[in-house]
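First up is the structure itself, then whatever we jot down about it.
When the chains are written out, they are named A, B, C and D in that same order, and each has its own residue count from 1.
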Amino acid sequence: MIHKVKNRIDEILNGVSTEDVPARIFQVFIITLIFLNVFAVILETVEGISSRCAVAFKAFDAFSVFVFTVEYLLRLWTCTIDKRFHSPIKGRLRFAATPFALVDLMAILPFYVPMFLPLDLRVMRALRLFRLLRILKMGRYSESLRMLGNVLREEKEALLVTVFGVSILLVVASSLMYFIENAAQPKSFSSIPAALWWGVATVTTVGYGDMYPITPLGRFLGAIIALLGIGAIAIPAGIVTTGFTKEIQKRHGKKSKCPHCGNDINEPPETRSMTHKTP
Amino acid sequence: MIHKVKNRIDEILNGVSTEDVPARIFQVFIITLIFLNVFAVILETVEGISSRCAVAFKAFDAFSVFVFTVEYLLRLWTCTIDKRFHSPIKGRLRFAATPFALVDLMAILPFYVPMFLPLDLRVMRALRLFRLLRILKMGRYSESLRMLGNVLREEKEALLVTVFGVSILLVVASSLMYFIENAAQPKSFSSIPAALWWGVATVTTVGYGDMYPITPLGRFLGAIIALLGIGAIAIPAGIVTTGFTKEIQKRHGKKSKCPHCGNDINEPPETRSMTHKTP
Amino acid sequence: MIHKVKNRIDEILNGVSTEDVPARIFQVFIITLIFLNVFAVILETVEGISSRCAVAFKAFDAFSVFVFTVEYLLRLWTCTIDKRFHSPIKGRLRFAATPFALVDLMAILPFYVPMFLPLDLRVMRALRLFRLLRILKMGRYSESLRMLGNVLREEKEALLVTVFGVSILLVVASSLMYFIENAAQPKSFSSIPAALWWGVATVTTVGYGDMYPITPLGRFLGAIIALLGIGAIAIPAGIVTTGFTKEIQKRHGKKSKCPHCGNDINEPPETRSMTHKTP
Amino acid sequence: MIHKVKNRIDEILNGVSTEDVPARIFQVFIITLIFLNVFAVILETVEGISSRCAVAFKAFDAFSVFVFTVEYLLRLWTCTIDKRFHSPIKGRLRFAATPFALVDLMAILPFYVPMFLPLDLRVMRALRLFRLLRILKMGRYSESLRMLGNVLREEKEALLVTVFGVSILLVVASSLMYFIENAAQPKSFSSIPAALWWGVATVTTVGYGDMYPITPLGRFLGAIIALLGIGAIAIPAGIVTTGFTKEIQKRHGKKSKCPHCGNDINEPPETRSMTHKTP
């Protein structure tokens, strides 16, 4: 009997089939709750709102933590159904150490910690922001985020090259700019790390305008860096794009079969049919 | 006789064939009128111009509304030719509820409403801007806009992933930045929503320069966000691009042939397979 | 005899073959002269330089105009070799009306006009900038620019859609922003044309920072526009890119022939080889 | 015996096989040292840090130069193993003139020069920045950077077109803007070179906000330039991307097969054609 309940709860918690109505409802409920939590954390930092609705925010937080705690405990209870976490104690500990379980734990801990530990106000405030990590719980439900992860993993090599190239460009450009502009603007371009802030703003074409070269030589160099920055955008853009397109094609199961003869259109026809069969 | 006139008017209003000269003239006239209307609304907000040419603007608006009203009534009259809106009353009501008919109605309503309803000045001014919606009438004539719509609809899934990913990046980055910079710039980074304004300006590489981190840690985080922002541009760029290219290829009728059987892979196979020709 | 000279000059002026050394020298000389002219016009506007080297600039300008005039006259003389401009007078007039000949004329006219017409100082200064048009003479020599032109011409349709879409986005966004921000910043967002300046800076992600929304609603709208602006960059980027890649492939003559069997790899093998030839 | 040692050292210095553990350790050690050097040069410019840790920085620099000097001398000693640099003196001189050897020399020279030459303080400071060039030593170890180099070399033609096109756009736009804005902002738009700084910031969409048009005509032109600037980003982005994708495909050995004969289209055909197999 208890085994059946356990199984049913596991089905609802990890429900893959979209036809299981209670599982669907549970998913939509948790996702909505996560979004409302993120929204609450954001709104709570607005002075006018936080002071007026302090009680409502507290009540909503308590309710959310209650739901997430129940969810966490149920997951911990039912995880033994999975063969990997079969053993009642060892298996559960191993399950608790999986990334998703850790995220679930981190989503509720900030609520319980101040109950047992005396914390100063600053740490309390940081803990409150930690609640934002509840957004990571989305990872479990969002197939799309996993897709993005796949793309990044597959194009890792190419992306690393780009990151490396951009880093070198940034360091060299910022160091040169520091050397050129330091005399004219000793406060803005006070050191290479300061110049790096200019470098990033320029290469990414953000251009806040808090720092910019004013000497002719500095402007000449700055212009070249800005133009090179286009490449720094172009290359990763292309790489991610290519990867994404590939991944989508995979998903859609477009194995590129010809609807007429059923063969893969990306495969060449067999050589047999090409050579002149002289009987 | 009246039926013939109705048919002719319908042809002119919805003229697809480019050889029908009156239909062409009507189309060019309406499109020009729409553009002039948009131009007029824009110019009317410039103080010097609006005061000097108030009469001309009013006259032009009245003329435009007259044309658009006649167009709307004619469409309402002739729509029964279309099988979908066959019934004289029910069909016409159903026609009036189609998006294009609603847009046509919205293009003329702002003119008639103040005649029947006493409105305060602020609402009047808003109503005037509503005239800009006349630009949506273009949708009927522009095949290209429909193409853009197709692309967005087809790549919906991929675009949603991106929007979702960018949103999470924005929320997490802005919250962190709020926590880091709040002490140093309590006015600029006063709340997470305020920090989100910085986040959007940075991730989209707009970089107005009204808000930027000044602490070393904040600049370090800001630099990383700016660099990640490149990805936020790269991914949707690639997706839209891929979709657009596909759509154009479809249009130009560039059909891909299977290298095995030579048939078009985009066409469904006929009921009888071509390979099993047993004589 | 004179005919031979004419032919030789025509060969040098329009030299296509890269083995004709005098033609090569002439081309490099003219291109260098054009670049130096552009450089001179730019430097002449720098106060310190223009006052110190006034004579040198004048001499260089006179020399350039002399060379360009001789070139123009020689082209006018030899153009009758081309069948299209065969007739001595009518042909030459028709040649003088070709775009390249007009550019050549415009490159020298600013020098001669003030000799015959009394001009005020402001027009004189504008005329001097007209010398920059000499850069258009490059069009004749640069095969690459023609390539860019081809791409733009071929992808015209898609680019127009984008321009149209971006225009509508700009007009609607700027009008809304004007309506929202006008009360809070009556000086910055004084009219829709003023708001359009903000709109362009935001959609193109330039973000000068001279205008930005300050009301919460304005910032919310601004954030959405900035995010949509990514699409406004993404779409034309992809279109131009696709076109460029196609053009380069055409150039390189990669007709995609298989080096083993000599067939076009983009064409499916003939059906003959696929159906079961039962003898 | 000495020959064996020489061979082993050469293997470690240029170790290609990833199974040679000492070679791996040496590589990781040198790469770490290079990164730490770059980091040190950057940190040294921060006032608080440089004064406190002056001795540590000096010691680390001396240690690094010692290691790099030993590496350089060993490379010079063992280079004769390579057939190209066989001769003991001439070969070594030729080796010393290769780009990588020159970079290695430049990485240590800034340390030794002040020992022999009396230098003023400014040159000394410049020399210290020269140490940043040690980052170029990475080129030897990074396969990825070589890949980027390949792409840029292959797409050279297309990139040159773009650079040329953007340059003309910049010059023409900035000159026009100078002419339009000079009267209204004689200090900002004081000359065409000054206007070029605005042009670059606009076309690359950096938009610092230190210079922007304020006249209606200037803003109209500025808006058009900003919109055209999108193209200036789009074109090189696409070119680099295409090249990068090609290069990665090459790497991964994804060979394209001809649908007619099934052979790899990237491989040259063998001398004997495979189709004419007459038995």
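Here is the rule we go by: contacts are C-beta pairs under 8 Å (C-beta built on N, C-alpha and C of every residue); 3 or more make two chains touch, one makes a residue touch a chain.
Quick caveat, the model's predicted, so the values are computed rather than measured.
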Equivalent interface to C-D, taken from A-C, A-D or B-D so that over half of the residue contact pairs match: A-D
Selected interface, A-B versus B-D, where C-beta contact pairs are more numerous: A-B
Same or different residue numbers at the chain B/chain C copy interface, by half rule: different
CA centroid of chain A to CA centroid of chain B, Å: 30
Chain centre separation (chain B, chain D; CA means) in Å: 43
Junction residues of chain C, two or more chains touched: 193, 196, 201, 205-209, 233, 237-239, 241-242, 261, 268-269, 274
Chain-level touch network, classified as line, ring, star, complete or other: complete
Residue ranges of chain D in contact with chain B within the complex: 205-209, 259
Residue numbers on chain D that touch chain C, as the complex places them: 157-158, 160-161, 164-165, 168, 171-172, 175-176, 178-179, 190-193, 196, 201-202, 205-209, 212, 216, 219, 222-223, 226-227, 229-231, 233-235, 237-239, 241-242, 256, 258-261, 263, 265, 267-269, 273-275
Parts of chain A lying in touch with chain B, wherever the complex brings them together: 38, 41-43, 45-47, 125-126, 129, 132, 135, 138, 142, 144-145, 147-148, 166, 193, 196-197, 200-201, 204-210, 232-233, 236-242, 244-245, 248, 256, 258-261, 263, 265, 268-269
